[in-house]
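Structure below; questions to follow.
Order as written gives the chain letters A, B, C and D; numbering starts at 1 within each chain.
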Amino acid sequence: MTELVVGAIEAILMVLIGLHLSIFLLYFERKGSALIQDRVGANRAAITGFGRKLGMPNLGIVNTLVADPLKLFTKEDFVPEGADHFLHGLAPFLALFPVLVTFVVIPFGDTITIAGQTFNLQAANLNAAALYLLATIGIGVYGVALGGWASNNRWALLGGIRATAQMISYEIAMGLAIVAVIMTYGTLDLQEMVRSQGGVWFGFLPRWGLFVQPLAFILLLTAGVAESKRVPFDLPEGESELILGYMVEYSGGKQAAFMFTDFAEQALTAMLLVTFFLGGWQVPWLYRDGFHLPGGHIIAVAPLLVSILGIVSFLVKVVVLCAFLGLVRWTLPRFRYDQLMRLGWKGLVPLGLANVLVTAFIVVATGGAH
Amino acid sequence: MNVEFAALALILVFPALGVIFNLFFGARLGRGAVNLVGPGVMFLAFAVSTWAFVKILAMPAGGALYCPLWRWIEAGSFHVELGLRVDALSGVMVMVVTGVGSFIHLYSVGYMAHDEDYARFFTYMNLFALSMLILVLADNILMMFVGWEGVGLCSYLLIAFWYTNPEFAYNGRKAFIVNRIGDAGFVLGILTILSALAHHGVWTLNFVEIQSHAGLIGTTAATAAGLLLFLGATGKSAQIPLYVWLPDAMVGPTPVSALIHAATMVTAGVYMVARLNFLYMLAPDAMAVVATIGALTAFFAGTIAIVQPDIKRVLAYSTVSQLGYMFLGVGSGAFAAGIFHVMTHAFFKGLLFLCAGSVIHALEGEQDMNKMGALRKRLPITFWTMFIATLAITAVPGFSGYFSKDLILEGAYESGHFWLWLLGAITAGVTGFYMFRLIFMTFFGESRVEADKLHHVHESPPVMTIPLIVLAVFAAIGGWVGLPEGLLWGDAFARFLSPVVGNFKPAVEASPAMLSAIATGLGGLGILLAYVCYLRMPGLPVIAAWRAKALYDLLLEKYRIDELYNLIVTRPLFFISDQVLNRGVDRMVIDGAANGAGLVVEAGGEAARRAETGNVQHYAFVYLLGVIGIVAYYLYLVIR
Amino acid sequence: MPAGLFWFLAALSILAALGVVLQRNPVHCLLALVLTLLAIAVLFIGQDAIVVGFLQAIVYAGAVMVLFLFVIWLLNLPVESGPTGHLALKLFGTLAVAALLAELAVFLVPSRLQLKFSSAHAAGYGSIDALSQTLFSEYLIAFEVTSVLLLVAVIGAVALARRTTQAELQERKEASARVEKAA
Amino acid sequence: MVSLSWLMALSAAIFVIGVGGFLTRRNILVMFMSIELMLNAVNLAFVSLGSRLGTMDGQVIVFFVMTVAAAEAAVGLAIIISIFRSRETVHADDLTLLKW
């Protein structure tokens, strides 16, 4: 029973992390893009001028984090004529749900011991977590697909078709990248993957997956961006061509759910990259008993602090990666659809296959990953 | 003493190469190449044969060369090993086949000089020689049968060489079909021997092995086998009752006639009987049949030859007649004499045909002797060589035919067949008559040649006359190898062959000189009669023919044997085929069954097609019913 | 697998399967099918067939069914209005189906399932290791043949579904003209 | 532990529903989906029996069934598209060309 409660708490925690990251990304979307494009960005909503009285610049933070959701959730929920009411309502849920349930398998810290009880900082300790990821991501396709179809709108349907084709195409590249990672670590358990990234090579280099599977990192990064349908892969939304693609007939809360899905996927991508390649919650040179610096010095650290440092390390890495993804979003121009498909099928998939092949050879040659 | 001699295979390889060359490249590479290759391969085979023959002569008596080839048939304890074997008997035969064959090939170069289809002609000729060589060289009876069939096929091809003429094609077919009848007997004969031996656990078809186990074959089986094989021989060697194809075979090119009559094919039967002498010795009844058929054929064909106007037809019947002599010889047990006659006959009959060809060539295809005459001066070489050949065939003492025919008649008499001897002696007279009739009508007397042909009658080119001269020499002196006993080297030929065919054992004492004198005297009588009838009193034959018109017509129409065969065999066969098998069995029973099956299927399909709605769900429903049935069955099994 | 979960999944999968058969709108049918597949996938995982269960979700529900969805869109199928199909077929079909179900039910009376079953699994049963061991030893040839089958299916699908382009039509016309000219 | 009988009964029920769908629906796409239902029912039976017998064979067979189903879907759907292009219909009772 305790286990169940702890699991529930951890799951809620993880989902909250995901949601907050999404909020952060929403903010970054507004202000970050403004920064890059040399403009002020969201600047109007400063409730009672609270911040200004304290002499702070107007960050528009309240606008983004509070006013936007308030506005979205209070708008009229409009369903177009001839639309499939049931599916129109179901689609945003179908899109968001699989992403949110994916967060639970991501380990966000090592075990933590509180009051004599040891907890694993991973909401659901599935031993086939890598497969679970792929499954939920695969199911996520239906949300956008049905959203586009149920709107009874040509633009929406086109957007839905584009989104579906794009997602199932890049799912393959993503799956191949993850397969290579699985082969490298020899396990499907994400917590174990992170654990095996502890320690150092050559006395100083952290044993991160990035140094073993650089190609898989790039593949997963690219495919992840494509999965979340962000620039440069935002063709399903393509404001200039399809108005807003599969979301065009959505408003209010449902549209917010779709938007949220994109952000959550971005956050998820960042978490996966961190877990697979950047050592997860591992802090370089930090072991159970403290830091082992390259020079041979040892700085003792309390066990509880080690665990907390792990969580902080994980969050920092994720935030940095999210920021990087946002940077990409505002830096690269959009692909054409044929270029997108060509990149997916002729670029990433063969590269992923080659990577799997080479990995297999090396794994066999070095006597397996176990 | 047996010696392995691999070069024997070359005797077959050369003609085979000739066949391949002429068949595939002959027409493309032109007349020159064909004229070189066609006879060339035969001369090469002749050279190898001579080499082999000399080796045999050098060996002690009874020596043989052999050349194993490969295992042909293997079925349980029965297997046939292919191999070539040359002993004294087959040595003589192979020399005759390649030797005479070579010169006939050479002659053909001249004879066929104006024919378009020379490549096909030489293909057939080489194949013919090849088949005959397989027949002669075979060391087992089954391989011999291959050659036996081969010469039958080639005779068909060559007789019908000018196949655009329906009559010629018909004659070719006739030769083939008549041969088939004999071949059926031959196959049955082989099987009889095989089963007789297999009954005692000996599975073999090899001549030597059959001979060593001959004691196992009972008299009855030997008689049956001998008669069946002889049926084959009557087909191949044109004896009563299957001789009818040979005169009709004259429609082929003349070198073909020479080849068939002299070197190949027709002598196969005689060779076969001599080869299986041990078998026939076991069956005196079969021997008697062979001798009787031979003597009857000799006389019978000779009488037909008397009145024939066609020069080649006369020669054809004379061949049938001479073959009868040979069978008389081998049937009397004088196997060496029979083979001796095969050899001398090859020389003079080959020569006669080639000379006749030369005459025909000169007269641009004219074969009727009533339109010849007085050609002696215009065709000197042809005349003299043909005259020598005629002296040989009429058994004028000193010439080759004299020695061989004498030995045969002596054998017939001494084996106790007095009446057969008498018939043979009379036939000698008949031979003298019709042969000199041919010479006189062709080369002497008034010229009856048509005017427009007369001015370009000319002697043949050297490529044709050289074979004539060579063969004439052999026709003249070729018989001296078989001089009478006690004279110079004596009967060397018979001594040479005796290890293979055994020595002749006389049953009745007789004076050879006396017998010879009677036969020669009868021959002289025939010549004299011909001289009187055709040179002294040219009107006499006409009067005789008018007086005995019935007999004359009967002879002229060849005793109407063909018509008889038509009546008793062909017409009933046609009748049964058409009325019973065609209208009855074929149209009613077989067609009825076939059409009936079709009707049933059609009616059934018409009824069943309603079930085909094309709707996949209907099919699935029926499928489901089947599934329910199967599940129900298993349910029954489980519950029970 | 807890009994409660089983009953829930069983009810869900049967309802969803009925949805496939009874829904008028093909897209709704498809969604019902996806739901059935997912329920069955969970049933698989509940019986320790972990890899196969996830594969069912990834490949079957996540990819093959999307293909169906694409085709439905491509054909722009209307919602069927009113009863469809042959009434007779429906009647007799239902009867036959009921008969089959009855037969199978008789089979499934627990006293008849007299097989010797063990409920305890060896360690690693259903894991990717165990599946791979079986797949790449005992079923290796079948596995390789399957790869050929997939290749053939891909080629076949492309060959069947692609339209002939104008340029190809033109080329064919010219080729046949050449043939006629030659003849 | 759920009784094997119930698992098999569930499999049988889904299978029979698939059969019924195949027989009664006109739309060949839906008929196709019914076939997938039947396949999955059989898969469930395989996994259940394999699980009770403690062998991996059942799962391997399910793996192959999935592969074959994927190939079948690819080709089958391509055929349906071809049919729709030439006949403008996906109703099974309009596609009765294969009859007398």
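A few notes on this one:
Please note the rule applied: a residue touches a chain if its C-beta (ideal position, glycine included) is under 8 Å from a C-beta of that chain, and two chains touch if they have at least 3 such contacts.
It should be emphasised that the depicted structure is a prediction, and the values quoted were computed from it without experimental measurement.
Chain pair with the larger contact count among C-D and B-D is C-D, by C-beta pairs in contact. Computed from the mean C-alpha positions, the centre of subunit C lies at a distance of 5 Å from the centre of subunit D.
Per-chain Cα centroids separate subunit B from subunit D by 78 Å. In whole angstrom, the spacing between the mean C-alpha positions of subunit A and subunit D is 36.
Centroids built from CA atoms put subunit C at 31 Å from subunit A. Residue positions 19, 23, 93 of subunit D each touch two or more of the other chains. Each of the following residues of subunit C touches two or more other chains: 51, 55, 63, 85-86, 89, 93, 96-97, 100, 104, 107. In subunit B, the positions touching at least two other chains are 617, 621, 624.
The touch graph of these protein chains has some other shape, matching none of line, ring, star or complete.
Subunit B meets subunit C in the complex at residues 617-618, 621, 624-625, 627-628, 631-632, 635, 638-639. Here subunit C touches subunit B in the complex through residues 85-86, 89, 92-93, 96-97, 99-100, 103-104, 106-107, 112, going by the rule given at the top. Subunit A makes touch with subunit C in their complex at residues 84, 87, 127-128, 131-132, 134-135, 137-139, 141-142, 145-146, 149, 157, 161, 164-165, 168, 171, 175, 188. Those residues of subunit B lying in contact with subunit D across their complex are 609-610, 612-617, 620-621, 624.
Those residues of subunit C whose C-beta lies close enough to touch subunit D in the complex are 1, 3, 6, 10, 13-14, 17-18, 20-21, 26, 29-30, 33, 36-37, 40, 43-44, 47-49, 51-52, 55-56, 59-60, 63-64, 67-68, 71-72, 74-75, 77, 80, 84-86, 89-90, 93-94, 96-97, 100-101, 104-105, 107-110, 113, 115, 117-122, 125-126, 130-131, 133-135, 138-139, 142, 146, 149-150, 152-154, 156-158, 160-161, 163.
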